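Below is one structure; the comments refer to it alone.
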Amino acid sequence: MNEQMQPPSGVIEGSRHLYPVRVFFEDTDLSGIAYHANYLKWCERARSDILRLLGIDQRAAFEAGEGFYAVSEANIKWRRPAKFDDVLTIETRCTELRSASARMIQRVLRGSELLAEIEIVAAFLSSEGRPRRQPEAWRAAFATFIEKDPE
Amino acid sequence: MNEQMQPPSGVIEGSRHLYPVRVFFEDTDLSGIAYHANYLKWCERARSDILRLLGIDQRAAFEAGEGFYAVSEANIKWRRPAKFDDVLTIETRCTELRSASARMIQRVLRGSELLAEIEIVAAFLSSEGRPRRQPEAWRAAFATFIEKDPE
Amino acid sequence: MNEQMQPPSGVIEGSRHLYPVRVFFEDTDLSGIAYHANYLKWCERARSDILRLLGIDQRAAFEAGEGFYAVSEANIKWRRPAKFDDVLTIETRCTELRSASARMIQRVLRGSELLAEIEIVAAFLSSEGRPRRQPEAWRAAFATFIEKDPE
Amino acid sequence: MNEQMQPPSGVIEGSRHLYPVRVFFEDTDLSGIAYHANYLKWCERARSDILRLLGIDQRAAFEAGEGFYAVSEANIKWRRPAKFDDVLTIETRCTELRSASARMIQRVLRGSELLAEIEIVAAFLSSEGRPRRQPEAWRAAFATFIEKDPE
């Protein structure tokens, strides 16, 4: 294999980011629907994708001891169940950007149907786990995302 | 092996349920702390334990097509990180009991230190995924739990 | 959102299937590398993708009570660790097709570097969990995959 | 809460270690049985428990940069499905102890019924991920476990 296949990547359209997810066996439980905690995993994948699209290398920053994001707050409403093999879109908007944290609204959609809505606060932490200002370049990158298409 | 070892079980003390959890490798991520979504798993283990202690057989009910609980809402605040090998206690109180749902406050503790606080609504659903009244015996069981030690 | 974004899909090239995966926070543990059990999840995603590409609708079959695949055997060698944010390719070959099971070799690659190798047997089971012949159309679909490019 | 509840702990009986596990919602998938990859998680919990019972503090060693265990090989046979709410026992025997690795046989039992059998090699790695001799005290501790009750 010469070329490397690329896993799905989301896109930033104005002030929102869209990221595709498929529901696999690992995501379901015996009730036949996606296990509730997994929505948080999907949303985290989308947020990591945003950072990557904005040119932020989380792994390099983490390895250099600069810190990392940790979720400090989440308000989640599950409205309809996602099912095995569903194709979902995670839509993310950044609603507030502070020096050491960002607030986002993430929606889990199946086509135009809203399955879940999550308001999340991601706090930037030092390697030792203390709140810390986000690197200035990161804040600036986020700022372009938040400001592009204000509502 | 003649006798069956028993996995940890929680206890109901008045109006609260206490359930022990240890943090394993599977629970951590590269930042060295427990991955945020796993707190929802631990809380679900505690809620399943409550049902068991109240004499409710979720599996039999599910297999008989009577329905199951699904989380419809969660508000989570992560305050301090849980770490590998930590021994945690999940403390659960039921704060509201309605015909088709129950509201609970769950706290993740390390000793007396509060790591996370979760307010959760579990809705009872039919096998087809529609809201449904909780079986009367289940509601009655929950009621003993909620009323034992009012604050 | 009018159009639905598509999550990554693999491709069948001759007798092998290639499927891309990115390593997210959820996949790592505190040692900084991907948690070993997650390789089985990635391989299962790849196998589900193969079925989909071959026109097999696992969900419909499952809902119709026709049965499902369960892994009955896996021999895994982890050679080098996958790290956070790595882009991996899961390469799958079907090496043996029997009436009620299929044997596959799956390799987890980072570029041309082999990270893990997994030999797996997937057995077809009835809804009640008993071994069962694979639906004839499924076997035929698999057969095109296995025979296209024999080595 | 003054006293800390303890999560389940296993016991070492001669040359085998027994560790109890309950199957929760998070462990199942839509086929109604435990997801295959989770058996590896249960086995890892049991191995961590062995180290703890032998007086080995994995977390302190990891934080001090001494290294950690990583699974390098696993051969797994799933024979019967584990189901929601099952109480399982993970039985572990150490069959070979080398300078930088240990080989174990782990069996997942439901009462006397064998659900899965796993032969596993755990390799000790430096913080940088390179094979490394196990700390002498760890090897000695394991040796008491392996030699107590030879078959």
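Letters A, B, C and D mark the chains in the order given here, with residues in each chain numbered from 1 onward.
The definition used in the following text is that a residue touches a chain if its C-beta (ideal position, glycine included) is under 8 Å from a C-beta of that chain, and two chains touch if they have at least 3 such contacts.
Here the structure is a predicted model, which means the values were calculated and not measured.
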Most remote chain, CA-based centroid, reference being subunit A: D
Selected pair, greater C-beta contact count between B-D and A-B: B-D
Rounded Å distance, subunit A centre to subunit D centre (Cα mean): 33
Intercentroid distance (Cα basis), subunit D paired with subunit B, Å: 26
In subunit A, residues with contacts to at least two other chains: 25-26, 30-31, 33, 37, 41, 44, 62, 84
Subunit B-facing residues of subunit A, complex: 30-31, 33, 36-38, 40-41, 44, 62, 68, 70-79, 81, 125, 129
Interfacial residue positions of subunit C with respect to subunit B in the complex: 25-26, 28-33, 35, 37, 84
Contact footprint of subunit B on subunit D as seen in their complex: 1, 4-8, 10-11, 18-22, 24-26, 41, 44-45, 48, 52, 57-59, 62, 83-85, 87, 89, 91, 109, 111-112
